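Each of the two complexes below includes chain A, the first together with chain B, the second together with chain C.
Take a look at the complex of A and B:
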């Protein structure tokens, strides 16, 4: 853990003002994805038939399962924040374990999906649609990995009995909810919308 | 806190149900609707409405100054996406 993060965790609860830096970081990250969505939809409107044909090869049920898994993980983090604020370490650790388990499941399903797509001949360079698919979902998966590290650190602190500042909990939770939010849009635009 | 977590639980169930209904709609061809662009636009709008509830109730920004910033972002992103879909 970096000294900056440790410092944030120690000082966080002392300040009730919104953490503008953190929220702007989240908005900036969301904007990066927003630009990807815009370019994706622009290209889709130019090549609607080929995008529709390629999208038909996506495994929609796996996308749905991952949506439900990530929503559950996000809700578990909501409960972990409430437990953390109430100093209920047992409940916080339990909910964080559930959130981390769901993150692991999401990662496993995504890797399974990638494997099946590649075996089916769909790769990063096979078509414009699959280039967008692999880049968008790949960057999102990277965010899942970063979020998992943050949640693991939080859980380790809870298990070791360290005092975790409210602002640190809220920052990690906000990041995780952003990852969930982005997936809801990716699933709707790439999996369902391109295929409708 | 109890009221808050109850609201968040309801939002969680609602998000799960909407996702399931969307999937069922997709599997059944959205009731035979012909306009693919119209369907895609509706799906995008539903996605951003879901995203808004994640912001309001999971990120717990309801009633805060930051909520306006996120609302503006979501509205702008949703509008751009819908316009590009309908283009």
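Take a look at the complex of A and C:
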């Protein structure tokens, strides 16, 4: 059986129209996160004081660094798409390596943050705020891991000199930008909004 | 290759396959009616209900036990949709239908994991005069078994998605592949409900029960539609009938 990326690439070579199914996935995924955000805001309105007190324990600078890391990775993915369309494989591979490095850094910082929070006595069930904190950032981290697999797949194809369909590149890039956008909302709501 | 050549079956088999597709929405409909008649929906018992409330629900009368029995029948009939999906995937995959087999096994386990908890609820309502703690235990077992066995269903979704997005022979529409990935995602966090006996992540709340119920229902409708759409409008006429064979 051929790989997911290779088959998508082959099919993309025949048909480079936008992949509307991918946009459907992004819409549904963001709607699901939107549901989580709505419930989070509802719970915060009911437990304003405890949310404020718990949010004060979050490491906002680490969250800010992760925000900058993800924004950098998103920019690198944009440049990789441009390089891919221009058939500049060297530049595409370099930018994808940068994006993957940023994803790895994000993961490392997030795990460090989890470790510090747990050592500080904040766990999944210690309070309503930290339940949301661990669950929201946890499912976002799952998205980061899936995106890392997709970016790695793309980069492997570039390194091996295979033709990568524009539709495939744009779909992976759109997914990665969604992950970035979701993090911006999580950072704004959980780190900043709850602390305000 | 054209759809007529891929699904080259006799009229009786076409009718059976069409029935399999229709049993996606029909199963959900039967299950929904059963759960509403039983009173399990729209306000299901939660982990924070008292022993008296749990016993009172299961002592509610014949409509409770029969509603749950009907719901279990509805969920069991979902096996027909699994069979329909299996057949279409098998025709798409061709010689080495590994993803089809994964879908068949995981889909069958999922149907069992949905059906048995509802049957345990029905058994709890069968003899509600027992010690209240036992009824609470049966209620916990049934709801947690209903919500948390996510691995088979996620594996089923992913196998369907990979088959649709990678196969050359598109019998299912491409968007259905991405849709399956989303449905799988909506189940990923359901296991956290083990950690919560109250709050928004308890088993009966929006983000756990209702999101999963909605996405599973949409999945059953969408996959039923996919199976029906995969059946060509006209048979190719190249199938071998008993008369031809004789």
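In the analysis below, the second predicted complex is superposed on the first by the 186 of 196 C-alpha atoms of A that agree within 3 Å, B and C clash if a C-alpha of one lies under 4 Å from a C-alpha of the other, contacts with A are read in each partner's own complex, and residues count from 1 in each chain.
By our rule, a contact is a pair of C-beta atoms (placed from the backbone, for glycine too) under 8 Å apart; a residue touches a chain by one contact, two chains touch by 3 or more.
As the structure is a computational prediction, the values presented were derived from the model and not from experiment.
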- Aligned on chain A, chain B and chain C: do they clash or fit? fit
- Task: Figure out whether A:56 sits in contact with chain B (first) or chain C (second), or with both, or with neither.
- Result: neither
- Check the residue A:181 against both partner chains and state whether it touches chain B (first), chain C (second), both, or neither. first
- chain C, chain A and chain B - angle at the middle CA centre, rounded to the nearest 10 degrees: 110
- Item | Contacts of A:139 with chain B and chain C, given as first, second, both or neither | second
- Item | Partner chain in contact with A:128 - chain B first, chain C second, else both or neither | second
- With the two structures laid over each other on chain A, which partner does A:29 touch: chain B (first), chain C (second), both, or neither? second
- Message: Looking only at chain A, is it chain B or chain C that touches more of its residues?
- Response: B
- Partner chain in contact with A:21 - chain B first, chain C second, else both or neither: second
- Query: Does the superposition put A:116 against chain B (first), chain C (second), both, or neither?
  - Reply: neither
- Message: Please give the nearest C-alpha separation between chain B and chain C in the three-chain superposition, to the whole Å.
- Response: 15
- Note on the structure: Overlap of chain B and chain C contacts on chain A, residues 20
- In their shared complex, chain A is touched by residues of chain C numbered 96, 98, 162, 165-168, 173-179, 181-182, 185-186, 188-189, 192, 195-196, 199-201, 206-207, 211
- Task: Please name which positions on chain A make contact with chain C in the complex.
- Result: 1-4, 7-8, 11, 19-22, 24-25, 28-29, 32, 35-36, 39, 43, 124-125, 128, 131, 135, 138-139, 142
- Complex contacts: residues of chain B adjacent to chain A: 1, 4-5, 8-9, 12, 15-16, 19-20, 22-23, 26, 30, 36, 39-40, 43-44, 46-48, 50-51, 54-55, 57-60, 64-66, 69-70, 73, 77, 80-81, 84-85, 87
- In their complex, what parts of chain A are in touch with chain B? 18, 20, 23, 27, 30-31, 34, 37-38, 41-42, 44-45, 52, 60-61, 64, 67-68, 71-72, 74-75, 77-79, 81-82, 85-86, 170, 173-174, 177-178, 180-181, 184-185, 187-189, 192-196
